[in-house]
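Dropping a structure here in structure tokens format, bear with me for questions.
Chain IDs A, B, C, D, E and F follow the sequence of writing; residue 1 opens each chain.
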Amino acid sequence: MDKKFDLLTFGQALLRLSPVRDDRLVRGETLIRQVGGAELNVAVGASLLGLKTGVITKLPSHEMGAYIKNTIRSYGISDDYIIYDNGKDARVGIYFYEHGAYPRKPNVIYDRKNSCFENININEFKDDMYKSTTCFHTTGITLALCKNSRETAIEMIKKFKENGSIISFDVNFRANLWTGDEARQTIERILPFVDIFFCSEDTARLTFDKSGDVKDIMKSFTQEYPISIVASTQRVVHSPKVHDFGSVIYNAYQDEFYTEEPYKSIDVVDRIGSGDAYIAGALYGLLHYRLDCRKAIAYGNAYSAVKNTIPGDVPSSNLNDIDNIIADHNMTEGYRSEMNR
Amino acid sequence: MDKKFDLLTFGQALLRLSPVRDDRLVRGETLIRQVGGAELNVAVGASLLGLKTGVITKLPSHEMGAYIKNTIRSYGISDDYIIYDNGKDARVGIYFYEHGAYPRKPNVIYDRKNSCFENININEFKDDMYKSTTCFHTTGITLALCKNSRETAIEMIKKFKENGSIISFDVNFRANLWTGDEARQTIERILPFVDIFFCSEDTARLTFDKSGDVKDIMKSFTQEYPISIVASTQRVVHSPKVHDFGSVIYNAYQDEFYTEEPYKSIDVVDRIGSGDAYIAGALYGLLHYRLDCRKAIAYGNAYSAVKNTIPGDVPSSNLNDIDNIIADHNMTEGYRSEMNR
Amino acid sequence: MDKKFDLLTFGQALLRLSPVRDDRLVRGETLIRQVGGAELNVAVGASLLGLKTGVITKLPSHEMGAYIKNTIRSYGISDDYIIYDNGKDARVGIYFYEHGAYPRKPNVIYDRKNSCFENININEFKDDMYKSTTCFHTTGITLALCKNSRETAIEMIKKFKENGSIISFDVNFRANLWTGDEARQTIERILPFVDIFFCSEDTARLTFDKSGDVKDIMKSFTQEYPISIVASTQRVVHSPKVHDFGSVIYNAYQDEFYTEEPYKSIDVVDRIGSGDAYIAGALYGLLHYRLDCRKAIAYGNAYSAVKNTIPGDVPSSNLNDIDNIIADHNMTEGYRSEMNR
Amino acid sequence: MDKKFDLLTFGQALLRLSPVRDDRLVRGETLIRQVGGAELNVAVGASLLGLKTGVITKLPSHEMGAYIKNTIRSYGISDDYIIYDNGKDARVGIYFYEHGAYPRKPNVIYDRKNSCFENININEFKDDMYKSTTCFHTTGITLALCKNSRETAIEMIKKFKENGSIISFDVNFRANLWTGDEARQTIERILPFVDIFFCSEDTARLTFDKSGDVKDIMKSFTQEYPISIVASTQRVVHSPKVHDFGSVIYNAYQDEFYTEEPYKSIDVVDRIGSGDAYIAGALYGLLHYRLDCRKAIAYGNAYSAVKNTIPGDVPSSNLNDIDNIIADHNMTEGYRSEMNR
Amino acid sequence: MDKKFDLLTFGQALLRLSPVRDDRLVRGETLIRQVGGAELNVAVGASLLGLKTGVITKLPSHEMGAYIKNTIRSYGISDDYIIYDNGKDARVGIYFYEHGAYPRKPNVIYDRKNSCFENININEFKDDMYKSTTCFHTTGITLALCKNSRETAIEMIKKFKENGSIISFDVNFRANLWTGDEARQTIERILPFVDIFFCSEDTARLTFDKSGDVKDIMKSFTQEYPISIVASTQRVVHSPKVHDFGSVIYNAYQDEFYTEEPYKSIDVVDRIGSGDAYIAGALYGLLHYRLDCRKAIAYGNAYSAVKNTIPGDVPSSNLNDIDNIIADHNMTEGYRSEMNR
Amino acid sequence: MDKKFDLLTFGQALLRLSPVRDDRLVRGETLIRQVGGAELNVAVGASLLGLKTGVITKLPSHEMGAYIKNTIRSYGISDDYIIYDNGKDARVGIYFYEHGAYPRKPNVIYDRKNSCFENININEFKDDMYKSTTCFHTTGITLALCKNSRETAIEMIKKFKENGSIISFDVNFRANLWTGDEARQTIERILPFVDIFFCSEDTARLTFDKSGDVKDIMKSFTQEYPISIVASTQRVVHSPKVHDFGSVIYNAYQDEFYTEEPYKSIDVVDRIGSGDAYIAGALYGLLHYRLDCRKAIAYGNAYSAVKNTIPGDVPSSNLNDIDNIIADHNMTEGYRSEMNR
């Protein structure tokens, strides 16, 4: 943890445009602009918890890229490895998001193709970047977006690994980007380098053809690949506005599973990015507490639970906020205030 | 279904003015303007589901009428039978709406009197209008508003009937517009012409002095009048923000009752117009599927349930949206995604 | 000035609904709600300058009336003489307002008919009201609205006059409410009781068939009727966003005319109610300074000029604000700060 | 109840600044400004229910003070006893408020120090104020704020008591203003003068070292001091968005306890000020119905329950609203409409 | 003018996203969504003036396309010739717009590439479309966007011409889409078919290498090609908020030039689309008044001038609005009201 | 320019709260939150132009401080020298700002006292800070706020000077913070250390008792103290919405004065911070171009002119924006586009 960064993440940054809460994409003149992207969300969360964090991405040099850069900076994240595209057609990926209310589901429309991120090139980054971080994180989305981002990501994983970084990877399977077969074949190329592996039970079954109970599945990855930690989140969706959230983590060295009482009846304001917040919390626990999976579970679950209450993709809670939530979650008796004041 | 229109509805269009969500009518400078009206809401729903639909109404020729006309057009509805009033005092009816939160109920203040709709005159419409539609729909509100609208509506019902249209009628009893006795006496004038009759159990008991269980009541209407279909909705209000919704339909030809599992714990954002959305869905089912009451129940319940999640009076979901909601509602096992993407 | 009130005004209070600045009435979901009415605007201005002020009007007892009552109270005005209408159709008059930008003019759509104000009845007021004020003010709008408001206003003028109040009257001719002939005939019924008379040059010519220059016209009213003070405003409209404003006042006792350098190139944000603000300022000058017409001109012109910069119908500047504006307007040399801080 | 006022309250008025609903204090450019303060909230509630009410406080004479004054006036409250501070550094106390959503708690940041209220001086008020009211109310917050407000409050309590006013006091313990010991010692100085005493069970235990069940505790205060009425509220917080609310009142003269079925599953929009709304309702019941504790319970519980649904600190429901809520709450059978129209 | 349509326009529809007025693209969470596109803007204007109008374009079938379709419909325009793209990557072109204030210029960032409009194919349209309109209009933007749109547009021009439509074409040169040379070479392919030609003086000089005064230039086009009407607009930009606007039209049959006094000191709220509004007005004059160039000048200049005062790309004024503006513009003496009421 | 920073500025950061544009502080529920402060504004401008910049200040550790810190970071400014105050009463200074419109002036109400900045202490900063920057900038506001900030600032000036930094100082006289005499006496303590001195002509006359023309005055400072550069801005306020802006710079080494054609008729959206933007531009010119006063004038005038068009206190234009504005300003002939696209 004495490198320049504790965590670097690599992926596309997106603009999200949403109608004013409860209204629909098909109507209305006002849209709310927010910044997101699976890997960026992880970086924001990790930075708010106190890790030295940076993002590796590519943005247009015009005002829409500057908006994203400024937002990233405002969360205390380094922009040292952001590449700018001056091309006159340089664009940032966009997605449109509509909140749900039972029986209406949340709805996403992607317009992320042909962003300048797809022109990213391994040669745009200098070699010292690979020595600068304790941990490197990316996701299946980056592998799926286009050939260019896929090969760049794989190359980066290898170079960071060579330079001693811990490699963290989230499958984050999206059926609208690739098929299960494509995902499996590609991910198998990088699993030999992965140290910390995030994969949900459903994805493991559908994409990797795993069977057995969730613990069998988690353990099986560590038997096939030199993975140290596997984490699986468990979300129960009662309605678009009420979820439960918990997770299981497996430590292959210790051959031990960790879990805790899930958060029940979360007041969901915005569920986007809550999976990424889990990863931010879990990586904080693992990196700050020498792979202590109890800490990873506690920070991961709390961070994901509270992210569901925050409008937008990125988390907004700092270490103090999360520590208070964990303390409340673990409290079994005594006076529990209903308000911070 | 080979006429110019599948459905024409006749009634007053209103402007609704509401405070920003959760705030009160008695305070605040910002009001949200929306377009509504029981018959208009039905037309919007039917048009979004794919029926060729038009509205028969009268609007001021100034900007406030143009606003309503433009909104109607935006939902793909014909404005062929909208009459314009150039009078310098021509006004549009208004109502003020405040959302509820337990124990505060939603609150409505009407300012709908003396709108130019009350000057409507049967002579303003040409005879070919009566040949142009498969189905004609109006409600008890139009009968109750004023003598002029009442007599025009009754005359229209007769003329459409003569020209072979299916006549659909929703009692929609409003105690602030007339008494139960006035309602009953007037509605009995038109029941001999009605084919599809929408009437809630409460209204049947209080207004028509019916007794017995809901099925007895529904059937009794078809025994007194040549009604083909009777539909009754069943709403359970747990709080202003949580409702259940279901319905029963009786087919007199088949002497058969239809129902299905209600939608439970709907996240109510705006319950206004959800009864009209039911009618839109039910009429779609009946008109598009040759009086198939199973389709009517399925589309009616789903459309009403989801309308509760949409701000404003009019529905906003298209056929694809509703088909997905029905599929989810009917799903008993298998993977059910929590988001459309 | 030792009565309970310095000024009572009588007239209809209206709700104004406007689109967000620069947008059009024919579009957009958000409307801004503001309270206005010629006589109410005068009362607000007089109260902000420090006069003890009340309004005589009638409002619905529901939330829309309460909104107006609360707004009136917030300006420090007495609601002792507001009558409430519990009728289920009681409504408040409304008007829709669109701001202009050259070459698009501001646009007004009235929906003020059938408000509960039209049911006002002289018997709803107790006799001690007529002894309670130094000055009573109303306008030609109240005379024009309907027979009921006309006869009530005329009766009130007589009763206040009998009880020693100064009678102030603003012609405020509106061609959409009555014809010039109707206006002249009605106003001639009350001119024998009027002490302070507000009439623009154009109105004097078109409605009262006056000719000659503005001074001849002003003087002629005092020769035909026992009027003490005549005031005429002079607005030059360069564009909807740039006006000049000045005025002339004639004191019949002294046979003297007063004027001052007009305010030039006013940054017009909202011109509605600027004429009423003039009257508020002029009455303040006349009532607080024993009919000192120099004070009336100074306060009238300054209050009208600055009202043009305030969104909504009613003024928002207090005595200190206006004194500073007058001081700046009269300053011919020395350091003039561009900001208050 | 034939004095000029039924109720005067004494305390600091605050500006509250909150992000747009669901967003966080740490982000976002738009803040919503609302007026609050424990004693002011009580006055607003009492005034809306029909009591003649005034507030005793001190405000800056600039626009921020005028904003608060105008808001107070808009609720029909007298500003006769508001003192204005012309000092160039005169400030109004501020607090920042963030709404909660489970597992994120509501959050308050105070910036209330050094407001001009802290300069309040007993000599700024004339002697006739002490003869003007049936009841005087203040809270432990005023005692805790600073020495100046504490000594002024104690002096006022004595003077109002001498002049025959009923003294009402709410402990309202805030650990961020003083310690439990400081609170107890100070409050013991005023308890000999208190007639109506509001104290929660928790506070009684923690601050006054009481033990036994809640009834023992409530009774014990009346045994030590000449207190007539003791009221304790009981809130159950299921989540920041769902509370239950009830209360117990003890009448020492009758030696009788009163309670009623609590309000369950309240849809909490904004819980701030709901305790003060309870006091407003309870005082209305006690003052308007000659210390009838059944009325106090009914109005107190209903007003607090519904305040939770109102954005901002102050209540917004009038007597008619509350009577309807009580009627619904007490209804055990029959048709209960889900909407007021 | 007895065809189904008076005017069909062909081009890309765009979503515009702008910050709240006066703020910058690089900051702020709220964006305002508006619909635009050079050819769509012309269609909206023509429809508002009363021409039977339709648009030929291609939109995604998802909610963002539906939003545009609904907006188009709300202006009374036919959507008969809108093609929908169900592809999962179907996107709508976007541009970001920032208003200017001297010395800051308005700023546009385009993200219009790879929209589904670029997949448009001549075979998606049936032959009867070409017989359905009196006039067909497109612009240089459609020729410049991509090869597909260029060849489709050229093919359409030929087919409409064969079927007797008047061909209207606006050069609308955009240096960010193509070079002057590319523009000239492409436009020369279609000039043999053009009847009404819109080209500014600057563009004529820079793109077509024309010299001489503006009249020489305009005439020269009609000498080289069988063009009937040439129109050139003349805008003087005093600041981003103040423009003058006028135009010259040349009628080749009559060999006559038409002009009128320009509109001076227009209060510019939003200049985007004001050139397209000119074309809408001019085409209305030409089509409704049998190529009367005096009408074309009057309607074109007035429509463009007033469009500058309307937020968004599309006009919002109807025939009555424009007739009033023309009447005011032509008025040289008499009373000119400053407000419509 | 090879130090860690090009520029460090020292001063209080403030929250500004303003009503929605054109509305008044005395009304309205919505306030817009912005970050400002004379020295912070300079830092933002310098950073946007490309200088490596940091701020030295003290903020509360709670969310309101975090909001400011995040905003500062978003402009690319270092937060290395921000000190956090964990005290429970730690507050951030606030000011309320109302925009003007002739004849209403902009209005400022300060609530900046007792902020945690006033507890700043020279010992909170490590010695290596003084070696880290090419230039150090502060203003008379920091000297005036309180004894603590004054003595800290003076001590910092001396230490930075000792370590070879260029010392920049802006008098920025505020009559509400201190008297002219206090200002003069304090500033004379630091003038021996100042290299770049910003002082307006008015301030020089009123505070320093200077006489003669502006050039005499500017030169006189360099004769009394070892100042290298003196800059004076010249603003002409036509109305709150229209200003001219220019400046004069004197280089004492060269004994030469520099000026250029002022920016005329600037569209003022928000004039706050435009003086600080001048300093940012001028310092950029001087630091980046080795004290080239031509560059300082060009960047200073352009940056100040354009800041007037930006809502909020801080600039928002980058080097490319400013270079374009300068190019346009210097253009005397040729085609000047009215829009960037």
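Assume a contact is a pair of C-beta atoms (placed from the backbone, for glycine too) under 8 Å apart; a residue touches a chain by one contact, two chains touch by 3 or more.
As the structure is a prediction and not an experimental result, all values here were calculated from the model.
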item: For chain C and chain F, chains touching each; value: A, B, D, E
item: Pair exhibiting more inter-chain C-beta contacts, B-F or A-F; value: A-F
item: Longest centre-to-centre distance from chain A, chain (CA-based); value: C
item: Listed chain pair C-D, E-F or B-C that repeats interface C-F [over half of contact pairs the same by residue number]; value: E-F
item: Centroid-based (C-alpha) most distant chain relative to chain D; value: E
item: Where chain D and chain E are represented by their mean Cα positions, the distance between them in whole Å; value: 62
item: Separation of chain B from chain D, taking each centre as the mean of its C-alpha atoms, in whole Å; value: 45
item: Interchain centroid distance [CA atoms averaged], chain B/chain E, Å; value: 40
item: Overlap residues in chain D, where contacts from two or more other chains coincide; value: 21, 24, 26-29, 66, 70, 107, 110, 176
item: For the chain F and chain C complex, residues of the former touching the latter; value: 22-24, 26-27, 100-108, 110, 174, 176, 202, 235, 237, 239-241, 271
item: Residue ranges of chain E touching chain A (in the complex, touch as defined); value: 17, 24-34, 62-64, 66-67, 70, 88-89, 91-92, 94, 96, 98, 107, 109-111, 113-114, 176
item: Contact footprint of chain C on chain D as seen in their complex; value: 66, 70-71, 73-76, 79, 318
item: Interfacial residue positions of chain A with respect to chain D in the complex; value: 21, 263, 265-267, 269, 302, 305-306, 309-311, 316-317, 321, 324-325, 328-329, 335, 337-341
item: Residues of chain E that touch chain D when the two form their complex; value: 28-29
